[in-house]
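In the two complexes below, chain A is the common chain; its partner is chain B in one and chain C in the other.
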Partner chain A sequence: MALTGLDIFKQLPKTNCKDCGSPTCLAFAMALANGKASLDQCPHVSEAAKENLGAASAPPVRTVKVGVGEQEIVMGDETVLFRHDKTFYHETAVAVQVSDTLSGAELDAKIEKINGLVLERVGQKVAINLVAITNCSGNAATFKAAVEAVAAKAQFALLLVSEDVAALEAALPAVAAKKPLIYAATAENWEKVVALAKANNVPVVVKGNGLDDTAALVEKVAAQYKELVIDFGSRQQAKTLAEHVNARRLAIKKKFRPFGYPMLAWTSATDPKEEILEATTYVAKYASIVVVKADEKHHLLPLFAWRMNIYTDPQKPMAVKATIYEIGEVTPDSPVYICTNFALTYFAVEGEVSASKIPGYIVAVDTDGASVLTAWAAGKFVAEPIYEFVKDCGVLDKVNHNSIVIPGHVAIISGKLKEKSGYDVIVGPQEAAGIPAFAKARYPQLMK
Partner chain B sequence: MATNILKEKYSSKINTVTIGATKEQGGTRTSTVTVGGDASAPFLHYEGEIPLKPVAALEIQDIAPTDWDPILQKVYAEVSGDPVTWAKKAVEFGADLIYLKLAGSHPDNGDKSPEECAKIVKDVLAAVGVPLIVVGSGVEEKDNAVWPVVAEAAAGENLVIGSAQQEKYKSLAAACMVYKHKLLALSPLDINICKQLNILITEMGLPAESILIDPSTAALGYGIEYTYSILERGRLGALQGDKMLAMPVLLQIGYEAWRSKEAIAPEEDFPNWGNQEERAILWEAVTAAGLLQGGANIAVLRHPESLRLLKKNSEELMVKPEL
Partner chain C sequence: MIMIGERINGMFKDIGKAVREHDPKPLQEWAVKQKEGGAHYLDVNTGPNSEDQTVDLPWMIKVVREVSDLPLAIDTTDYNAMEAALIEYGKPGAVINSIGCEQEKIDRVFPMAAKYQADVVCLCISKSGIPKSADERVALAMEFVANAEAYGLQPDNLFIDPIILPVNVAQEHASEALETIRQIKLLSNPAPLTTIGLSNVSQKTPHRPLLNRTFAVMAMAVGLDSAILDVNDDLLVDAIASARIILNKDIYCDSYPKVFRQR
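And then the complex of A and B:
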């Protein structure tokens, strides 16, 4: 259970020396209880107090990191059960499996394919995060060779999958500097696997069998080492879902320590599309890592989009700066497109203007980050504010014409806008995807 | 049962609603569909009863849609434009129910009369045994004229008819009351408007148990997070006893998903997004599966493969686990 400010105060030196930045020990204790300070800000706190308070003042879900540098993945540190309560912070990492039964050219081809799983949508790079090398061969030397081959070429962090201590002992040391996640410490092998993880300073997955069994195992492991990720061992969708939801509730609402770690889930379907639907459930409900076999872009893109959506901050719409954007080598003849400053809207339009091969200006009108129709419905993307914005931003001083293209969805405002501004208001297609065809038909002479 | 479990205590549940009526019940359906009754957050069987699985409808239209992607056009090439054979095809594909959009009643799209619409509905009912959801073209005056005639023609069949909206619900609510159909209430991603509309409709005398809600769907990548969060909030409200949020949820997944760029962009233009058909099917299926986790009861889909995927997924989620 969470400690009160008073409980914490009792453990502090009570000297009011202010070194922590708070005016008194009591003020510091209150800040700590509210999650607004961390215990290490007080340099004078005793070891005993640290021990007592450390656990209570720790976040409900521990932060665990895998990989280094550009490949680093941060997991955990979540504070809410619903995104509408605040936000989720650390996106689910996607791990793609590679079997150690592959070798030579086959393995190289697989790694190359996996390295290509970096896509782009709405102006953002989206990609997988881990390569999971599975010890299907059952052989330690084969595993070691595959792990080293993947480590040498793959652009992602590593997940070493073997419950065989000998295989992990063989493979880990050579790649430990990349800080892979190792899988798994089980009831049978945990002492050795955890010692190995500790010695190599890498995080480890604790794999139990259901809620109670896993809690008991995590408690034993955590007494020695806390860089943990949990796998409840279920391979059935409704069960994994129930375990995840229950565990996260206990961690957040009751500060139940054994479940206060990031969670990992495996999909079990063999059909890649079915697998992606399973993964969709786990992204929604709290998996920090989901391990899949799917390795085609068309299967992973929808999962990446779902992950982006679930992890957007509901408190601030993703907005771009409301201003003039130049797409390509614009000239005074270039068309002027009008859209809103909702990031999704802007990037949809930007992508298409760029694909049209006809350079153009885009004016992202300030709609407080609302989409075209949402802003229209709220009166922020109608004749008056659009006219004011276009006039003030000066885009028409840059061109030799006075025409603007508005989204087809707001065709209804064209008359009023024309009347108000005197501009030549052209109604564009409804979806941004129609822009290239529209532009080619209208401005063939400007094709690059 | 494991001991490390924290159950939420809820005082209420989602309404249970049946669509369609068999001969004994005054209709002509060979099967009916019942949804709702959920007494917990989605698929948490350990917490409260989830008696009924989510269901999937396939969307058909009375006229051949011109704006559907070629991938869909290909699937329905033989039947598009003929709602009767199209409906049969949808049943063959495994649809639990048919969602019939009377697109041809739109003034710019053929302007079919209410009587013509009623005949189409009767013909589709005669052709298939599954229950039917019928929606208008969305044009207010026209929908107001079409609804009562369709409702009367299909009296006893226990259809779902939609979509009622904030300023546009009275003629539909009245028709559903008189001819005993279920009403679909559409609100624009706003939980207060959703509630308000349900209050207005029930105040007219239509029981809350005769309403299904569509709190607005957004596609994967295009605002789905708003729909997801509205669904989660609505489900929590209903479980905590808010009767005006306790209606089962219907979502127009197909319509939204198949407008998304990622579903309709050909592979030639976006080689880095891979095969279009697989991607488009999953765009629809992931939109649906994601929203199942928010609390959807009826998914309206377009592609038979996404239907199969979604049904498979909900079956897995309905397996009650040993914890």
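And then the complex of A and C:
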């Protein structure tokens, strides 16, 4: 958000000397707030004021990066409290914990399992983003060995978890090139941990105890180093939620600098199902990293799906992959339904085809995610592109007939489509809700 | 858009007579009628014929509150009467209407606002009169905001009124008032609220409702938060409801003009 006139006015010398070309300092402040003047025009403004104004015009949440190359994670740089106001930009990174008490074959097996935590959902790859190596052994050498073993094999960025300065000092240098995130700088150890982070050019988590304490600690740390992630230190869901909401509000609405960093949350539930529920709260409420113990695909998939949904851009229509979908146990006799690849349209059709109890193919034509009537009006869902898409996708090679069902709302294109393609074009119901009745009447022999 | 109903004002003959005779009926009828029109606040003003505002104004507050739970804008420049009225009102959330930008008025009224947790209508008008340019008006607005901080008030406890004059005799003021509203919203965070005595724009013109509603929607587009107006002018309220929809302040539904009045 832009600076207000009052914010700027407070930093000006209040001389009303007109050297800037404005009649008063207030008029100059308003001109600055309106973007009609630049601060350099005032010869009397102090260096401190320049720095304050510069900092206040910086983005509300700093961008912090972890990892390198394909493993890189970008965090922060968020601007809204509600996704419908614009969008959330950087997906929450999921970190899975590995204890350094594991070694040898046990550790190898665990790394292999974690590397397998990559899934596919609606045509996109979804995965965890970080491996969190925790110094449960309490031993620096053991921690170093585990970190190196994980770094050598894991396909994700690293989070080094130890509040013991000696353990971090031992483990970090060998893996610094992978730009891990180190955890944590606390009230007790921050000077050494932050110096270590700075020397190795890696980001660091500042762990405080509640809002006030964390703000004070971040302020001290930020004077020396700004590649920070915040952990408020609480391990209760309700408290963490409240802290995240307050911190993000203060950062965005009040430009409160100590909270202008990405936030990290730990789940505390021991049951994986409860843990995932807890993690969904943090994904929805501003966490840039959520650290979990769960490492089973069936536990993580709902969390990935939720994350993907929350971080989609609400201004852009949700689209499904434009391709052929098989609903039920299709046979060469099954009907072929044509619709667009707008997610709402596709899922409405899919639900009804499925409810009709007659297996069928659905061809989601690429309309850039537009609905049937929108795409029709824009010339993307008319005879030519539909014919091209149906021909190229090869759906009619899978069946023993030559007919396609088109939405009733675009009945008008049926003649031209038939002429163009030579297909038997059947006009279906206007609303997808009519599909079960339509299918039962038309294909009684296919009823199960 | 906060609509402050203007009708309980002794300048109107029926209210003036009722105040002199201490007859509650016309006041209470207008309180009910303005709420039905969609008013969020009711302005209460004794009018110029009150012999003793410290008696008449609290009486008006009392009888209006008997029939209405809407918050009140207490409209007087007699600050002893204001204080008596605030005591009678007896709860947070009233609006003090109004003060001009003079240090002694600020020093008298801002502490009172803080004490009774009332908001204040601040007029962009100084000892030397009504400034013409937007810049001069904004400078006065900044005075109010800077003073508010010193007295423990938040900028959004202020309803800053850039002052609108009738377009038939002071035509060049309206566009300056609009620019003032736009700039006031950039003054601070949170921004001060803005208000306007809407009906002033059309004084002594033959097109009052047309001018009123046209100015209302123009002012809303540049950030007007509230206005003292005729809430029983249906076309005006429809225009305000429509402007809110167009500005994405309220979620659209087909019955939005009705829904707006019910809030």
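Convention: the second predicted complex is superposed on the first by the 273 of 448 C-alpha atoms of A that agree within 3 Å, B and C clash if a C-alpha of one lies under 4 Å from a C-alpha of the other, contacts with A are read in each partner's own complex, and residues count from 1 in each chain.
Definition applied: contacts are C-beta pairs under 8 Å (C-beta built on N, C-alpha and C of every residue); 3 or more make two chains touch, one makes a residue touch a chain.
The model shown is predicted, which means the values in this text are computed figures rather than measured ones.
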Could you look at A:Leu26 and tell me whether it touches chain B, chain C, both or neither (first, second, both, neither)? second
Given the touch rule stated above, what does A:Lys254 touch, chain B (first), chain C (second), both, or neither? both
Could you look at A:Asn34 and tell me whether it touches chain B, chain C, both or neither (first, second, both, neither)? second
Per-residue touch tally on chain A - higher for chain B or for chain C: B
First (chain B), second (chain C), both or neither touched by A:Glu227: neither
In the superposed arrangement, does A:Phe9 touch chain B (first), chain C (second), both or neither? second
In the overlay, answer first, second, both or neither for which of chain B and chain C A:Glu275 touches. neither
Both chain B and chain C touch chain A; at which residues? 253-254
Residues of chain A defined as touching chain C within the complex: 1-2, 4-7, 9, 23-24, 26-27, 30, 33-34, 253-254
Residue ranges of chain A in contact with chain B within the complex: 82-84, 119-122, 210-212, 215, 234, 236-239, 241-243, 245-246, 249-250, 253-254, 256, 258-259, 273-274, 276-278, 280-281, 284-285, 296-299, 301-303, 305-306, 308-310, 312, 314, 344, 348, 355, 371, 377, 431-433
Contact footprint of chain A on chain C as seen in their complex: 135, 138-139, 142, 145-146, 155, 183, 186-189, 191
Where on chain B does chain A make contact in their complex? 2-6, 8, 41, 43-46, 188, 220-225, 228-229, 232-233, 259, 261-262, 264-265, 269, 272-276, 278-279, 281-283, 285-286, 289-290, 292-294, 305, 309-310, 312-313, 316-323
